[in-house]
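The following pair of complexes shares a single chain, chain A, combined with chain B in the former and chain C in the latter.
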Partner chain A sequence: MRAEDQDRAIAEVVSRVVGGVTQGGSQALERALAETIYHERKRVERGAPSRARTRALAAWDKRRSQLVRGSDTVRRRVLEELVTGFAREVLGNFDPRVHALATRAVPFGLSALLHASSPQQLLQRFPQLGLDDRIEVNGAVEHALALRDKGTLVCVPTHSSNLDSIVLGYGMHEQGFPPLLYGAGLNLFKNPLMGYFMRNLGAYTVDRRKTAPIYKQVLKEYAGVALEFGYHSLFFPGGTRSRSGEVESKLKLGLLGTTVKAYANKLARHDPKPGLFVVPMVLSYELVLEAETLIDDHLQAEGKARYIITDDEFSSPLRVFQFMRGILELDARIYLTLMPPRDPFGNLVDREGRSLDASGRTIDTSRYLCAAGDGPVDDPNRDQEYTRELGQQLTRDYLRGNTVFPTHLVAFAAFAELEAMHPQRDLYRLLRAGAEDESMVFGDLARSCDALRERLLAMEAAGEVRLSRRVRTLDGGDLVVHALRSWGTYHTHSALTRRGDRIDATDRNLLLYYRNRLQGYGLGAS
Partner chain B sequence: MQADVAVLGGGSWGTILAHLAAHNGQRTTLYMRSPEACEVLNTTHTNPRYLGDSALHPGITATSDLELAVRGTPVVIFCVPSKASRAVARSAGAFITGDQVVLSATKGLEPESFHTVTALLRAETCALKLGALSGPNLAKEIMRGQPSATVVASHYREVIERATQALHSELFRIYGQDDLRGVELAGALKNVIAIACGAAAGLGFGHNVRALLVTRGLAEIQRLGVKLGADPLTFSGLAGVGDLMVTCSSELSRNFRVGRGIAQGKTLDEVVEELGEVAEGVNTTRVALALAAREGVQLPITEAVGALLDGEVQAQEILGDLMGRAARYEIDFDYTAEVG
Partner chain C sequence: MAEVEAERAPQRGGYAYPLWRRNDRPLSMDWTGPLYVFDIDNTYLLSEWTSFRDLLRLRFEAAEDKHPVPGAVELLAGLRRLQPDGERPAFYFVSASPNTMRGVLEKRMLIDGVLHDGITFRDLNRLRYLRDIFGYKLAALLLYRLENPRGAREFLFGDDREHDPLVYAVYTQMCAGTLRGPELLAELEAQGVRKSAQHYIVALADELPAHDPVQWVFIRRLRPGEPNEVERETPLPDRLLFLDDYGEAAAVLRALDLLNARAFREVLAAVRREGLGEQPLRLVRALGERLPAAGRERVEQEVQA
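Entry: the complex of A and B
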């Protein structure tokens, strides 16, 4: 966010969050404060012992006693201080001039990131290491570009990997999109070099260790205020990287809901460009950097799954390097597919920014914010339902924009074979087993892949999914061979391995992860 | 004068909804295709084709001008047969704005797409504040001034509030619900079971058979409904068992009469001709069977009705087939697994 807007934004966020709390009266104020102090104190307590930790704990204790003794005026002031602190911390030092430089430097940035801890000679052997010619941006690019000056873009991509931020930042900039404001997990800022670029790519920090509801409220209000100020923004509506490998089917509606609210506020303020254009985006990878960690996390017993993962492949330069090498060797593309933009109510938008119904008639979207036959009215239940409507459209867009790679197709077919071999086993037993006599015949798997490919080709023709070049051209046997090679170049264990004319499911978790990308299309089983 | 409520479709149920709204003090427009029928209704306050000489509330204004009916009217109620719903929705879509509350009172599913009526309203218009109205409401009883109740289902509180304001009276109780899908599916699927009950009655069977068909019929339409995303509890409510009770036991129900007529040896065409009105259950049977095949759900009674309507078998044989099925548990223990 530009420096001149920052103070205004902070003031706006603080007034909204504090106003929202105090509306609930004295009790609500007390509860919000107690809750925030509790969560923050707990967070500090979890840290390693240090002088700073002791000081911080004392500060929280002092606040707690203020809360107990203080009047509503004092409490309100304490809350304002806390919220202001959160808001300042969240805002990045966004500078458009640095942004232009930063995006150009992203491929370099990645190399440098690797350089920081991997052997110099490796880099010399692969001097071209970079993502630039690996990223293919396709779909409704022109359409979305045409809207950039007609209102505010809200880019909502799927989320598979921490590399998404870099792919998005780079890909969108290359296509001529303006800088996008977005909230990125603090772990991405941890690496000083990455942190520098992330901040200047337009990112603001999201600290997931901060569990106080007020902090989440600050994040949400900030996202909304930025949209109202006309900042083109980006956020992941899935909330976090897809653990299972599936295309997101359930979205976090909280952040998505800021679009309706921002639109209402822009209208009320007679903003000359009140339009908000939601651009669904799908990132498709042949290989996913963190696949092994993500699927393991997904398979943890419910409740044990970690929301924050700090020790995954992304934090290991060697793994990032192996991944990049894999992508290069395979001549693999990373697809960033833009789907046709929608308004905050889920309707499609034309290049002029007009919302259209199925017959191509223009919709007056301001009427959605009115009571039936009457003027504008505030109705949180209604707005929430609008957002649910938008969310449903987005999940359908994601499936349509998803690109299938050989790794997905072959994993899906192989997993179906496993399931057919053991129809009575549940998923977990299927994953745990692994005897050699359970191997598949190469020819059978190749035939299943052919059959699946035929179905996918028909689905692609109907616009229900996208296929990578190899899925379109290779036959079943070659697809199996290629998928095996892909997994082999990067993953610790390949999902499938070949022994003569037999195929073993060596890493079933990984197999499930890649297979899941085809979940949601009604292709059957699991 | 801007109306408060517009009802689209001047069949018996649409006319009665307009009557109930007018009775409630709402300025009410009734859209009918035929200008002559409008003329008759506006001058004599009757709808002779569907409701004989029953006196309608004089506050109803009939019009054959769709724009006049729809534009700016806060509450719009669709009550046209499911086969015509999409075309009417598309035309009305030119005049509908996003603030309007749009309700469906049609108990049917579109033949080609299997869509519920609100789903096709969403597809063809810009309306988002959608709802469905469904329950045990026999037209002729309401016209005799007897009380009844119905469910209004919507995700939007405003829709339920506006529908209640428009229709709730001492004659007609409105119950709010948020399982839109369940209410629409229950309302449509129960017509299939009504045909089965009519057939049993036509064969001269008594109450035991009827009770069997109603309860097992409810179980199977619930099974399919839940697979399609409905809340199972909806089927125990007014829109489910309530509506089923009425349509499966009343001579006044169109779908019941279809089943009875066929069991007595008439052809489907003859029965429909005699009825003079659309019996949604005929079309819904085919949609239900297609959906069941897609979802892998067994619907023995619906299958039997399908065979009967296609004229493949005689009614007597069907009951024999149904009774000849293997014994099983009444409560399906897999059921919760399906609900997830």
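Entry: the complex of A and C
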């Protein structure tokens, strides 16, 4: 957020959060404070012993005694202090100078990575580095661009990798989109250089260790206030990276719901540009940097899976380098597909920003929120239902915008072969097994891939999915060879390994991860 | 990349040639499909060296920095795609590189999408075998021949830098049964093969039925248009073809119906990108009636198109 808007935004957030709590009376105020103190104290206690930790615990103890002994006025002041502290912590900064520098540096840095197959080649290719041939932005780009001056864009991409923010930032900038405000996990700010850039490029901090409901409320209000101030924003409705490899089908509606409220507030303020345009985006990778960690985490017994992963492949520069090298060697593309923009209620919008009903007729969505002849009426239940509908539309958009790569297609076909070999085994037994007599015949797998490819081609023609150039043009045998190349070039263990004319599923977890990208299309049971 | 274990050569008379090999595809004994054997250095990958520094570079460069010979990857992919008998053709690689290079070279193959059914590397822990490329290659070829079906039709690929033309010529004679026993021993002696290895190779050759599976041998000239000493001075079988580029090999294989039209075009395009492939029909025309007339006509038309 720009410096001139920051104080206003903080005041607005504090007013809304504190106002919301105190509306519930003295008991609600006491409960909110008690919860916050409890969660924050617990968080601090989990930290390693240090002077800072001791000081922080003492501060929370002081607040606890204020909660016990203080009047409502004192409690309200304590809450205001807490919320202000949270809001300042969350607040992102936007520095146009840093943005200008980054938009010049990122293409070089990222393209250096994407084009470097070895330090020797990096030097050889130095003058010709470019990213245009690696990140392909397609879909409703012009449509979304047409809306940027007619209201506020809310970009909602799928989330597979920590590289998403970088790829999105670059891809959108190259297409002429304005800078986007976005929330990023605290772990991404840990690297001082990266943290500096992220903070000054509009990223606001999301500390997932903070579990106090008040903190979550601050985050939500901040996102909403930014939208109302007209900041084009980006957030991941899946909440976190897809652990299973599936295209997100369950979205976190909390943050998504801020769009309806922000729209209502804009209408109430007679904002000349009240429109909020939700742009669904799908990021599709042939290889996913953190695939091995993510699927292992997904397969952990329920409740043990980690919401925050701090020690994955993204934290290892060597793995990031290997990944980028793989992308180059495979002549791989990253697809960023923009789907047609929608309003906060899930209706499509035209290039003028007008909402359209299912028959393509223009509709006045202000009536969704306003009583006859009046301004917007506050109704959280109604807004929740609108948001749920928007979420459903987004999950359908994600499936349609997903680009299928050979790694997805071959993994799906190979996993189906494994399932057919052992129809009686459940998923976990199938993943644990791995005897040599379970290998597949290369030719059989190639034929299965041909059959699956035919089905996908028909689905693409019907607009149900997108296919990468290789899936469109290669036959089953070449698709298998290409998938083997992709996995073998980057991953520690390839999902499939060929020995002569036999194919072994050497890393079944990884196979499942890539296979899952085709989940949700009704292509077969798992 | 997952390492697949290689095996040592089987013993004969208590001795085994020091090499590491794999044969991942047991072919059924009635199999009659094409079987391709490729050398790696200078045949599949550009590995020319003129100085010790070049050699060091080749030894330590990463898989990503290695470059295939123009058209080689396209040719290998095209040959793999065509399945005349309903089964994928068999591919073997016999490399004169040490087994320590296996990881890098197999990774390069993976990057290029090159499939193989078996690969042999030298075991250079015993340095006295360093110069014995002739004996090594013969032993490696014979071991595959003994395991593979009699009816497999072999197509051999090498280059004129090392001993490939002579090795393939001797191999062809050994299979046909025209070079065995004392004569073979004398030939091996003349080529400087170590004594213990000589007896090993003779023993392997004696196990072969007298049947010549070799259809054609393709030798890539490192200097296009310049026949080297071996080519000029050694009597070689007339199925041994010297190539200036893989466009010429692709034309012959297309005439034999072992490549489809698309693969042929892809090989030609790849060699032309490197400024080669000026006369793709040179060999086809030189071979004349030794190739099927319909095949020759088809290739002529496709090149002109």
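In this section, the second predicted complex is superposed on the first by the 493 of 526 C-alpha atoms of A that agree within 3 Å, B and C clash if a C-alpha of one lies under 4 Å from a C-alpha of the other, contacts with A are read in each partner's own complex, and residues count from 1 in each chain.
Basically, a contact is a pair of C-beta atoms (placed from the backbone, for glycine too) under 8 Å apart; a residue touches a chain by one contact, two chains touch by 3 or more.
Everything numeric in this text was worked out from a predicted model, so none of it was measured.
**Student:** Now for A:Q23: first (chain B), second (chain C), both, or neither, which partner does it touch?
**Tutor:** Neither partner.
**Student:** Could you say whether A:F345 touches chain B, chain C, both of them, or neither, answering first, second, both or neither?
**Tutor:** first
**Student:** Could you look at A:D478 and tell me whether it touches chain B, chain C, both or neither (first, second, both, neither)?
**Tutor:** In the superposition, A:D478 touches chain C alone.
**Student:** Which partner chains sit in contact with A:Q424 here, chain B, chain C, both or neither? Use first/second/both/neither.
**Tutor:** Touch partners of A:Q424: none, neither chain B nor chain C.
**Student:** A:R361 in the overlay: touching chain B, chain C, both, or neither? Say first, second, both or neither.
**Tutor:** First partner only, chain B.
**Student:** Classify the contacts of A:D374 with the two partner chains as first (chain B alone), second (chain C alone), both, or neither.
**Tutor:** first
**Student:** Name the contact category of A:Y386: first (chain B only), second (chain C only), both, or neither.
**Tutor:** The answer is first: A:Y386 touches chain B but not chain C.
**Student:** Both chain B and chain C contact which residues of chain A?
**Tutor:** Shared contact residues on chain A (touching chain B in one complex, chain C in the other): none at all.
**Student:** Which residues of chain C touch chain A in the complex?
**Tutor:** 1-2, 4, 23-26, 61-62, 64-65, 77, 80-81, 87-88, 107, 110-113, 115, 117-118
**Student:** Which residues, counting only chain A, touch chain B once they are in their complex?
**Tutor:** The contact residues of chain A facing chain B are 345-347, 355, 357-359, 361, 363-374, 379, 381-382, 385-386, 388-389.
**Student:** Considering only the defined contacts, which chain B positions touch chain A in the complex?
**Tutor:** 2, 4, 72-75, 90, 93-94, 97-101, 123-126, 128-129, 155-158, 162
**Student:** Would you mind writing out the residues of chain A in touch with chain C in their complex?
**Tutor:** Per the touch definition, chain A meets chain C at residues 117-118, 120-121, 325, 328-330, 442-443, 475, 477-478, 481-482, 484-485, 488-489, 493-494, 497-502, 506.
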